[in-house]
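Multiple structures follow.
In the two complexes below, subunit A is the common chain; its partner is subunit B in one and subunit C in the other.
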Partner chain A sequence: MMKKTKLLAVLLMLCLMTGLGAQGQVDSGVQKEVELRWASIWVGNDSKAPAVEALVNEYNAKNAGKIKVVIEPQPDYNAYEQKVRTSLAAGQAPADIFTIKFNPTTATFYQSNLLMDFSKVMSNSWKQTFDAGSLEQSTVDGMLKSLPMETAILPIWYNMDAFAQAGVKALPTTMNEMWAAFDKLKAAGITPASQMTGDTNAWTSMIWFSHFAVSLGGTNVWDKPFTDPAFVEAAKLTKRMITEYSTSDAVGLGAGGSGGHFLAGRTAVFSNGPWYAGRADLAATPFFNSIKIAGLPAAGSTKDFMISRLQANICAASTKDKAKEAAILDFMQYLTSPASIARIAETSGAMFAIKTDYRPVKALQKQFYDVASAAKTTAFDLEAALGAEVTLEFAQQLGALALGRISAEEFCALVDRKIER
Partner chain B sequence: MQAVGTHRSRIWGARALFLSPVLLLFFFFFLYPFVFTIATSFTSWRGIGLMKFNGVANYQKLLGDPTFRKALGNNVIWALSQGFIQVPLACLVAMILVRKPKGWRMLRTVYYLPNVISTVALAMVWVAIYNVEGPLNAILSSLFGMEKRNWLGNPDTALFAVIFQTVIYIGYFMIILLASAMNIPRSLYEAAQIDGASTFQQERHITLPMLRGSLITTMTLAMAYGMRHFESTFLMTGGGPAYATTTMGIDLYLRMDALRYSEASTAGVFLIVMGTLVITLLRKIFGSSDPMSEMAQ
Partner chain C sequence: MKQRITGVGLVFNSVKWLLLLSLLAVALLPLFWLLVSSLRTNLELQTNPFGWPEKLQWENYAKALSMASLPRLLLNSVVVASCAVILNSAVTAMGAFILARERFKGRDVLYTLLTAGVLVPVISFMVPYFSFITKTGLYNTLFALILVYTAVNIPVSTFLVTAFMKSIPRELEEASVIDGCGFLKRFTVIILPLSRSGLVTAATFCFIYSWNEFLMAMLLTSSIESRTIQLGIKFFSSQFITDYSSMYAAVIITIIPSIIAYIFLHDKIIGGLTAGGVKG
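Our next item is the complex of A and B:
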């Protein structure tokens, strides 16, 4: 019995020593592979998913044994946003690489030491590949803790087949022409516009409101108090749009319903970003080829502008591990290179803050690029300019405004109290 | 003497060993978050950066916020609806099913079925039912010529529309009450029948008093659910329109969404206090005596 125990102890010691020796060999000889976790929202049905996956696979193949990027799929955006918020609050980066929707609320993340500050590590040549305005918008107190990646313009979509059916052949160029066209659509039994007050941002109507507000108050309108006459007038126009020219379920309706009305041909005008252009259900509609992308007719003196936003900024976890930091920067440079971005843009139709020579060939996606380049200037939408809390108040009170529970002045005063100054 | 001491310490050691997993879980998943919530409610903290002590500023802010007051009021309506509509409905059905009418087993399953279906799926079904072009409006307009309504989009109807789709699902409370009702000795009913008591009198003077303990338990549970209500309202209306359907749970969630963590903690403390208050009040009013256990004695 004693002999057996001794033998077992010796064997265990031998195993331990062999293991340690082997470990030492790895450390001293072979370079350890750095694994980077990317919590990616560009997965599943997202139009950017195939190109992103291919790029990651190619990068991994090229850096085999040195760097490996592992995509952690985040198909549910709301759950993903929660994950980012709670991870950072718990003192942990959600992943080595992750994206945020940059706005005044998420700019709070810049206070965290968990995020890498690119302003300290970016080379000039890398910086120059980005759109300078987007880089500036992503910089807070001199810190660049997220790189602008996906951008978007938020134009108005017109189903020209529906317009033709109502006897309207051209896009309205003035507000009066637009009301007249909408009246004709109504007379033809077509609801003119998709509007909504549901979800946390009343997305579709928020875009319309942003167009009206910027046209009435200028591109710096978001710096003004929300009680400014430009906002009051924009609120009145949005209310008119909802009560007279939208579907009867607009109050309380979510983005899915609003988009659904347009896809089903129940409404003739809609608003959304370029990512919607790549949808298969949109391509399957009989009016797909008739869709025209443009701005709204000017409601005020500011013309030829386009509403835009930083749709997704990419962040990296700060690390003291130099090898990991180098790996992160290497991958980020690869991902944001004009060549990679052109490939993602080609398959998705999305727009990016990185300058490329890519020009889309698909008609609808091409229209987005044309509209963006034709705009003399751009201005943020309400959510991008004022953050999540103000937008939530906007959405909640928009329902009350549309139902006539509050006046446009009261509406603006209620939203104004949520703005932090 | 020493042997007794060793035996005692062994027993205590075993007790500590068996209790430690649950104590650890209790500490990490209840006590720590509970204390953390209370502590952060007295700070100014956005989830990132240092916490700054700000006294009762968050409490003052929340009490002065009409949205939060609306949420608090709505939670009281929820608690009352669940306690005084859903539970009595469940009790009524349990009293019918305990008499084992034809097909009672199938009915019991049918009533309980919604409890095994996901809240998300149910909420989506009800969003479709309440839609302007949905079946509810179609039925009401064809039967009574009623004008089509946007049930969830109108602040006058939205709260009651959401409450209705919750209180009609009585299965959970019905099962508890049915189990209790089935334990009532049949001899009591037989004696009452010999004395000439009608069915109504039997229910009034035997079933209801015998179910008193279970009724208090189910009402406590229902009202506690009402005070912390979140899911179906969030899914169906997001708390809108114009905060008409918001609840403390939704308010808490949206404050977290806006990175106002310390305010969300304050809302959480209010939730705990209100829940405790409702349960205490209920116990004070109805007492907690259980006639079944009294009879057993």
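Our next item is the complex of A and C:
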């Protein structure tokens, strides 16, 4: 009995001490030094994490005794977004600085007065360091409550070794050439494309669908009802890709499996963003040096565009404390400076909405920059344009479409029902 | 004397064992796959999910332990789950004693109100819990998680322990009163020891919940000092890339304490569940 009581006492003491210790960290900002908490998604395994951490450490060293930035790691994005939503609903900002994926779902956060409106506090010279289009996309009803940081293009990846093996020497430039090349790949025993309907966004196939839809309906296609003929035709093309030119496990397959097929050389064509280029397992493949990054042949009248998205924006809590506001702005300017951004880009291969002279040395990463600058115009992908809920419905119904349970028209009508107007 | 096995008996036994072995395989294969996968490279996993490792990747475990600060998170989880279980058991035992053994007006209404919490999804408590924890200055502390896990488990624990306490013969309590036991002694000396199985069952549910819970831990904490093991597992999954093999190594590390706890407590857990099932 005595032993049990002692154990209980030790556990409670331990719990209280640890609790108070952690609490003490939050309260340390009470001193003269301004402490800024940054809820960052660029942590853990993220390729940007080491550079971001180094930048924050350098900033803290430079501003010792005045400003201290503390990174609060947010490893699971979906749960983190729920946290942001909950804290805003409870009338509090989740942190002094926080990163979000910008899309119609997170754009609703702009309605909160808890977020700093950068349009009121940004100097012109600071504003000019940003890509104007990205700034415009991040502006809602005249408010700029998040700064565009990471951007991405979502092109198509071609394994040219596989194409050569099938007797195809150049990238297809028309849809007919593409089908012909895919037929040759099939005849050579290579599955043409990685497709998938699993996960919450059917990622790989969603990118293909976005390419088709924008080419067929124009760069403003996402403003149209989902029952528009452009979407119906894009759905038919995506179905054909999945049923005729992809692996047999495409229905229900997740992004890991879809990428795995490409990495294993089982498929010749893939789609993903620039972050995939820095993977060690990709660099270890025998065809690494023969990967070509490009768009899809135009399925419609819109050509020479690239699918892109705002990958991560950065927000700040509005505050009446002038010292804190000044500290936030100082750190944000430091973080978004071309020099800082170039360092993050260099180690991660990611692309940013801040203009820099940085160009990647690695060939594959360089192709992304070349493709982005060669594109005459850009258009959002489905998820970036219509939000997480619509994309979830898209993913769920894409499986049914591929299995022939619903027609392309029915598929589009089902997705259309999820769009809030 | 040896019993003769007839042909029908042999077939019956074979089918029985085949069925049992199949069920065992269904239960254990995912765990086995997890163990094997935790020793493979990410490339091996992505190119052939069901293969064997070319070379055992023990460094996945080293990475899991170092990268996500797993030892610290593991300790936090042990503290949070243990304290939540102790606090929940203490609160529930006292509450259930009153609800099961005392007669007063509104008892059934109170019991229904308390246990109806089982039907309310935890997600609906997120905003009130967040407001309460931040306003009381408990944000980013282990104590916040202990309080919340204790509270969330009160309905199910009350339901289980009250049902168990109700089944204890009233004569035992009456005899203790004749022997001079007061209110406190009736609870501590008579009812509490007899309700041990029911309390262990409730404590098991509370421990499992506290150990596995993710969303509240994410919501109410922001630093390694106060986060739990489930958040550590997610550390291997970034916005775009997931380090599956290290994540699986982390999962294996996190389930070891549960397995050890079950090995030592399984007779009490099963005893409590079955006893509750018969008497409740």
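The definition used in the following text is that the second predicted complex is superposed on the first by the 390 of 421 C-alpha atoms of A that agree within 3 Å, B and C clash if a C-alpha of one lies under 4 Å from a C-alpha of the other, contacts with A are read in each partner's own complex, and residues count from 1 in each chain.
One rule holds in what follows: a contact is a pair of C-beta atoms (placed from the backbone, for glycine too) under 8 Å apart; a residue touches a chain by one contact, two chains touch by 3 or more.
Small disclaimer: the values here were computed from a predicted structure and weren't measured.
Once the two complexes are laid over each other on the shared chain, residue contacts for A:Gly252 go to subunit B alone; subunit C is not touched. In the overlay built on the shared chain, the residue A:Arg37 is in contact with subunit C alone; subunit B does not reach it. When the shared chain is aligned, no partner comes close enough to touch A:Gly295: not subunit B, not subunit C. Touch counts on subunit A: comparing subunit C and subunit B, the chain ahead is C.
By the touch criterion defined above, A:Ala400 lies against subunit B but remains apart from subunit C after alignment on the C-alpha atoms of chain A.
In the superposed model, A:Asp281 makes contact with subunit C only, not with subunit B. Of the two partner chains placed around the shared chain by superposition, subunit C is the only one that A:Leu263 touches, whereas subunit B remains out of contact. Of the two partner chains placed by superposition, only subunit B is touched by A:Leu392; subunit C is not. In the superposition on chain A, A:Pro75 makes contact with subunit C only, not with subunit B.
When the two structures are aligned on the shared chain, A:Pro148 is found in touch with neither subunit B nor subunit C. Judged by the document's definition of touching, subunit A residues 86, 89 lie at the interface with subunit B and also at the interface with subunit C. For subunit C in complex with subunit A, the residues that touch the partner chain are 41-43, 45-49, 67-68, 76, 79-80, 82-83, 86, 126-127, 130-131, 134, 137-144, 146, 214-215, 218-219, 221-226, 231, 234-244.
Only residues 46-49, 131-133, 148, 150, 152-155, 158, 237-243, 254, 256-261 of subunit B touch subunit A when the two sit together in their complex. Within the complex formed with subunit C, the residues of subunit A that make contact are 8, 11-12, 14-16, 18-23, 25-26, 37, 39, 41, 43-47, 49, 70, 72-77, 79-80, 82-83, 86-87, 89-92, 95, 101, 256-257, 259-260, 263-264, 266, 273, 275-276, 279, 281, 284, 311-312. Residues 85-86, 88-89, 105, 108-109, 111-112, 197-200, 247-254, 387-389, 392, 395-397, 399-400, 403, 405-406 of subunit A are the ones touching subunit B in the complex.
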